[in-house]
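Each in structure tokens, the structures are laid out below.
Next come two complexes, and both contain chain A; in the first it sits with chain B, in the second with chain C.
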Partner chain A sequence: MADSEEIMEALLDFQNQCNENKRLRRMQRDWTKLLHYVATDTGDVFTMRVVSGETTEVKKGKEGVPDVIVETDSETLCDMFWGDINPTQKYLKGEIKVKASQEDVMRIDAITAVIWPEV
Partner chain B sequence: MVGLKRAIGLRTVVSTGAGMALATVCYIALVEVASYVTGNSAWIAILTSGAMAVLAGSCFAELNSMYPTAAGIKLYIEKGFNERAAIIISGVYVLGQLSIVGAEIYVLSQGIAQGFPAVSPLIWAAVFMAVLLYLNYRGIRIAGLAQDLIAYVMFASLILISIYGFAAQGFHIPGLFAIGSLDGFIQAVAIGITSFIAFEWVITISEEVTDVKMVPRGMMISLGVLAIVYSLFTVAMTSLVDRKILDWVLTPEGLPIPHILYGKQLLGGFGVYFMILMAVFASLTSMNAGIMTASRFLYAMARDWSLPRFLSRLHPVYATPWAAMLAVTAYSLLMIAYGFLTHYILSMLFIIAAAECIIYVAMALCVIRLRILEPRTPRGFKIKGGYTVPILVILIYGIVAGAVLFGPVKPDDVMEQRIALGYIIALFLLNAAYAYFVWPRMRQKYQKIAQERKPRRRRKA
Partner chain C sequence: MSIIDLMFQETDPDKIRQEAEANYKEYVNPFALRMLKNASLDIIEDKREGASVWDISGKKYIDCVTGAGIFNVGRRNPEVVEVLKKALDKYDMGSWISLFRERGLLAKKLAQITPGDLKFSLFCCGGGEAIEVAIKLARAHTDRTEILCMENGYHGVTGFALPATGRDVYKTPFLPLVPGYRHIPFNTLQAAEAAVNENTAAILLEPIQGEGGIIPADDDYLRGLRRLCDEKNILLIFDEVQTGFGRTGKMFAAEHSGVAPDIMVLAKSLSGGLYPLSCAVFTEEISDFLTAHPFIIINSFGGTSLACLVALAAIEFIEKNNLPRNAAERGAQFKTGLQALQQKYPELIIDIRGKGLMLGVEFPEESIGPRMAYQLKKNGVISIYTFNNPRIIRIMPSLVITKEEVQTVLEAFDHSLAEIRNQEARFKR
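Presenting the complex of A and B:
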């Protein structure tokens, strides 16, 4: 089980990876969304704000009404932010649940596909 | 409750489920249904098909309430059985269902050419395919309010034009209960299933609804709406248009445009353009969603290391899976070419019906298996009556699949039935060969690449 500090550290690294990737920034340039990441085993919730493809804010706690909700256990959440797992495989096995429009589901998968294409 | 900023309500669930199922090729399927019964009793076969679809829909609903995900079908089979079975069955299902693109574009383009005869149907097919390709390339999905408007306008229009057809005949419709032979009726019901196909695709929006219980409810309502619309329109069509003309429509030499002929007979030139508009709406909504769903399925499979990695390539600006989309388009073009070259529309309907029956049986088996394997997984919707409904679905759709592929058909349809049987067997063999010989090696290769990468996570001591 990953604690909230571990997840936050991973999320901050994820934010950097997203913002530093030019290809991703170009791809997501018209994507402005509020995302909630929920660790189902610890109950921790993290908010991530993306404005025109730039991840402008990540913080612990639930803020605003989200466009996307990603739910999984804390370990998977942590590994996912570090890029150590293939989130699509977890999603197809029902271990990651996403509540969002089909377009947004595609977009959040695109993030990891672009940042860590080898995973 | 999901609590998303933009969540879908029941109205859109119904319009999506019914809108995806209502395609232009359904008119041909409905006339084919009518050709296997006597009089104007096709509505009985259609309602029976609809009731059977409700049974199958309830299996989807239970599984979806356990795992409300767009990746549903593969996930359910994998959970219930194993990944290899999931790859084989979902592969047969997706490729079998995509046959509808060939039939749909062929029927639509022939219809449009009736209103605009100066332009060849081939050109209309190319234009329509280009529009679909562009929408999918840009990731534009007809959804939400646009989907609602198109779907409800279509349903209301079809009901009104049917009632007007009855009125034109003084509401005197002969032979409403003359079913004819039992063999013919079973075949009619089997073909009737093709009119309801894709209603289950409504599960692809289960991640964006305000309440997951809405999906099963919406699915059932959409089936009811479809059954009513189809029944009314078919009876109106078969009672107004000369039976010999409708029989000609079904032959490879005939034009697959019964809806246009009905519109023309009832409303003259206006009726032709009105029915063309209805057909364009129907094709646009069902094909847009169908091609998009299929390409995203291929993309997800490629990301899952179940298909070659190049299929997971994304467009640098629109984030659409262009490689998977091209693969789907190439396959669709083959099916369209088959439609134009052979005019064997019925063979495609047989393929789709068989693929649907296979997936319904698979879903019913998954319901039973998952009740045994995962009795504690929460279910927002559970079919009442124990295993009765899943067993009924297995029996009914097993028989219907047998009737579609092996059952007695009209002498003119024998060749098309054989083509469908051969195609379904080929799909099974192809997918099984892939799952047994290609997929394990490919996954191993990708796994090795991923394992060679040093984990980035800094774990606490």
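Presenting the complex of A and C:
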């Protein structure tokens, strides 16, 4: 089990990776979304705001009406933000639950694919 | 060794996969490869026969996608293959500017089997191109510009067809599009009545929305549209790309309502699953425009010798074996079996709909469609959600599917639903 500080550390690193990747920023320039990440075992919720492909905000707590809700256990959340797992495989196996349109699910996977192409 | 020799002589499944994946990654589309792999749909098809395909390692799958209705006569139908082989002994595609005996024969056959006064055919390669022909003819024939099309409809992604497709995700990156299209709610006659005006050229729709989630148009709705079009001198265009050639239990889905359109668009299964072909079939009155402008819509690869002979063989097979009846019977078997599964998994299946072997199973949320496809593949069935509505898994097998094969698919559904139920329970704990 990962505590909220560990998840936040991973999430901030993920934000940096996203924002520093010019190719990703350009690819996602038409994507503006509010995402909630829920750690099902600890109950922690994190909010991530993406504006025109730039991750402008990450914070602990639930804010706004999300376009995307990602639910999984705290360890898997950390693994996802560190790039240690392929999130879509986990999603299709029912280990990560995503409440979102299928287009948004694919966009999230595209982010992972660009940052960590070998995962 | 040449690339072609290598292609046919290499039998090691690992080497074949390695090479295919490397080339996809470097030269085709790395993200498409990733998505296919993630969804476990990265099947490299080897043997293809009847309702099934075998991958390069010899695993058999029942194909319940069939390219959204391409393989009505079955995968690699031996009678149709034989005709193509025979044709290749004598012909090539033919030069598009020549006179084709086989094109005339196919057009005559289509005039005989399509409903109402549909008579002339203009041939293309893909469904989108044939939609473009239908829209151009409608505008040219009526001297009006507006095309009424349906929310959530799908008509392809090419120039004149893309604006008719009723979902922004396909269109937004390519704006501006060809103007003059308006989307109205499907299956609502009042919406159509309210939308028509003096500039309406045509109403375009699928008799069963395919990518929209397998949604059949009500018979009364189609009859109402026919009346409306007749009153206002508007053309009625049916996109039967997915529904045509026996798929819904009749040769064409239009027959269920008894409504004949002014233009019918056909593709997918017209190819016999072997040689690309599509066409717009239209009335003699509409053909007047082409009499005045005979070469204004041309297509180098539309209606080639080989394509027309294959299409004739495919239609002959469909008629001789009464595939529409098999579609109706096997479709009924599917529905009965799926309804039993709905009783067993009421929290997972919220609707079962469609006609013949064009069926959709609706789940309560979007994630279940892709997850079901993943589970079904593990259980030997290829299926995929509908692109405009991922909550629906489509069941569109070949029309030669047997009673036993339908039972096998139903058992795969049962096992897959049980796994999804377990996954949902794990989340609730």
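General observations
In this section, the second predicted complex is superposed on the first by the 119 of 119 C-alpha atoms of A that agree within 3 Å, B and C clash if a C-alpha of one lies under 4 Å from a C-alpha of the other, contacts with A are read in each partner's own complex, and residues count from 1 in each chain.
Here, a contact is a pair of C-beta atoms (placed from the backbone, for glycine too) under 8 Å apart; a residue touches a chain by one contact, two chains touch by 3 or more.
The model shown is predicted, which means the values in this text are computed figures rather than measured ones.
Overlay on chain A: chain B and chain C clash in the combined arrangement. When the two structures are aligned on the shared chain, A:A110 is found in touch with chain B and with chain C. Within the superposed three-chain model, A:E71 lies in touch with chain C and out of touch with chain B [touch as defined at top]. Of the two partner chains, chain C is the only one touched by A:T40; chain B is not.
Legend: residue contacts after superposition of the two complexes on their common chain; A:E118 is shown touching chain B, with no touch to chain C.
Of the two partner chains placed around the shared chain by superposition, chain B is the only one that A:D79 touches, whereas chain C remains out of contact. The clash between chain B and chain C in the overlaid arrangement falls on one stretch of those listed (1-9, 343-351 or 451-459), that is 343-351.
For the contact definition in use here, the residues of chain A common to its chain B contact set and its chain C contact set are 86, 88-89, 91-94, 97-103, 105-106, 109-110, 113. By the touch criterion stated above, chain A contacts chain C in their complex at residues 30, 40, 71, 86, 88-89, 91-95, 97-103, 105-106, 109-110, 113, 117. Here chain B touches chain A in the complex through residues 2-6, 67-71, 74-75, 78-79, 139, 141, 143, 204-205, 207-208, 292, 296, 299-300, 303-305, 312, 314-321, 449-450, 453, 455-458, 460, going by the rule given at the top.
In the complex of the two chains, the chain C residues touching chain A come out as 30-31, 34-35, 38-40, 169, 172-173, 365-367, 369-371, 374, 385, 390, 419-420, 422-424, 426-427.
Within the complex, the chain A residues that touch chain B are 3, 6, 9-10, 13, 23, 26-29, 34, 65-69, 78-79, 82-84, 86, 88-89, 91-94, 97-103, 105-107, 109-110, 113-114, 118-119.
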